[in-house]
Amino acid sequence: MFTRSLDPTFSDTDALGHINNTRIPVWFEFARNDICQLFTPDLDPQKWVLILARIEVEYRAELYFNAPIEIRTGVSRIGSSSFTVSQALYQHGRLGAEGKTVMIHYDHQAKQAKTIPDDVRAALESHLIDAAAFAS
Amino acid sequence: MFTRSLDPTFSDTDALGHINNTRIPVWFEFARNDICQLFTPDLDPQKWVLILARIEVEYRAELYFNAPIEIRTGVSRIGSSSFTVSQALYQHGRLGAEGKTVMIHYDHQAKQAKTIPDDVRAALESHLIDAAAFAS
Amino acid sequence: MFTRSLDPTFSDTDALGHINNTRIPVWFEFARNDICQLFTPDLDPQKWVLILARIEVEYRAELYFNAPIEIRTGVSRIGSSSFTVSQALYQHGRLGAEGKTVMIHYDHQAKQAKTIPDDVRAALESHLIDAAAFAS
Amino acid sequence: MFTRSLDPTFSDTDALGHINNTRIPVWFEFARNDICQLFTPDLDPQKWVLILARIEVEYRAELYFNAPIEIRTGVSRIGSSSFTVSQALYQHGRLGAEGKTVMIHYDHQAKQAKTIPDDVRAALESHLIDAAAFAS
């Protein structure tokens, strides 16, 4: 499991006074940098081998501008070329949002899915979490 | 069903050369303005009575900077206080993404869900779509 | 002069209840698509020949979520390889923000400025505006 | 002078392969949290007393996704109700962008500028920098 923290920016809020819902997918993408680095160690976009198939986010509590956000990121499923990232986001120690992202190991030139290499699969496996027990 | 169109902005793209995945939830929120207006006709944020419980997005095709986006928005489920919005996004007539959003009719002062009023329920019903047949 | 209009999205607002200041540079970038098209008619990012040197934005009035935005875009200076775009943004017919953007005709491979070709210069000249009289 | 660092998110990039220009005003707003805290120590948006009058950004070098950003923030001018924040942004120790922001101490209820209180003025003065020597 990876952990990242961030401070919100004023532009992350909306007219209801809280963090806008559309910022959570961005923050989860930010925290998935650690997963992407397993595939592209230097994070050079020209060597990118991932593509998104699906995201889902459950909003659990209002999030506020003036306190840090902590994001936990783990792997909850590994297929032959795709895998699922599970994420949970906390503020003041309270669960604020949960997310699942289906990512595909992808050849951007040939525009087709590729089998996840064994070494990367082993790295992903070392971050496997129990999705049912993950966010609590 | 509601239909909205928009032209992408250069900042909507990412280093892979296409529209970044995190922009789709923003575009779907943009297109849900028409749904929000059924609850708050003048769209004044101080009178807001909606909150998001959940979003999901399926990415179906790469989207490009240099062509307009068309978004179709309908209602696929109506409960007592919550409902589901189904959306589909097209470019060059091709399906690019589908989304579902669970929204709750909500009292932001009392911080609790409220039954959807009959007149708004009737308005939502007039935009009911068949989710299975919606995006094709 | 070019004119574009857009409807704000809820995520464009912030906790003060108005449009967040950081959205204005994005909306001005959106409206500069018409300028970029003079250089790259099909707006293909792989053929891009522009880079930004500088932006400035003056905030003149609060902007609201629930009314359309109109943006006027003109050219206020043309140099040998750089030029300045002047923009003004209105809501309910009232000036909300003004912006100036210095853009450079640029070779992204060689990483150096290039003289603006004569035909593009002529096109830019046809959109020259009197900056002093532009926003009022 | 305040210093903040951040890691870019993939959505901060654009189709040219670098950080999009519109993200810099957002990052500068993020780093101005430290200035805002001098006015509103608990950063509660309901107690906000600042408004933006003007921003300018000079783009000095391309910025990349895969390396941290460092932002330095100081005060370069203090008037009776307004002041100017100067900021510089670095990646790999190289200057990437400079910014100036004119902020106004503002009563959001009365919608008018207010004199900066003496204790806040003293705090701002302790962060005065020499703008000419600031970014190098």
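Residue numbering begins at 1 within each chain, and the chains themselves are lettered A, B, C and D in the order written.
What we mean here is this: a contact is a pair of C-beta atoms (placed from the backbone, for glycine too) under 8 Å apart; a residue touches a chain by one contact, two chains touch by 3 or more.
These numbers come from a predicted model, not from an experiment.
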Set of chains adjacent to chain A and to chain D: B, C
Distance from chain C to chain A - Cα centre to Cα centre, in angstrom: 34
Centre distance in Å when chain C and chain D are each reduced to the mean of their C-alpha atoms: 22
Averaged-CA centre spacing for the pair chain C and chain B, given as whole angstrom: 28
For chain A, residues contacting two or more additional chains: 10-11, 13-15, 17, 21-22, 26, 29, 45-46, 65
Chain contact topology (line, ring, star, complete or other): complete
Interfacial residue positions of chain A with respect to chain D in the complex: 6-7, 9-11, 13, 17, 26, 29-30, 33, 36, 42-46, 65-66
Touch list for chain D against partner chain C, complex: 14-16, 21-22, 25-26, 29, 45-46, 48, 51-59, 108
Residue numbers on chain D that touch chain B, as the complex places them: 10-11, 13-15, 17-18, 20-23, 65
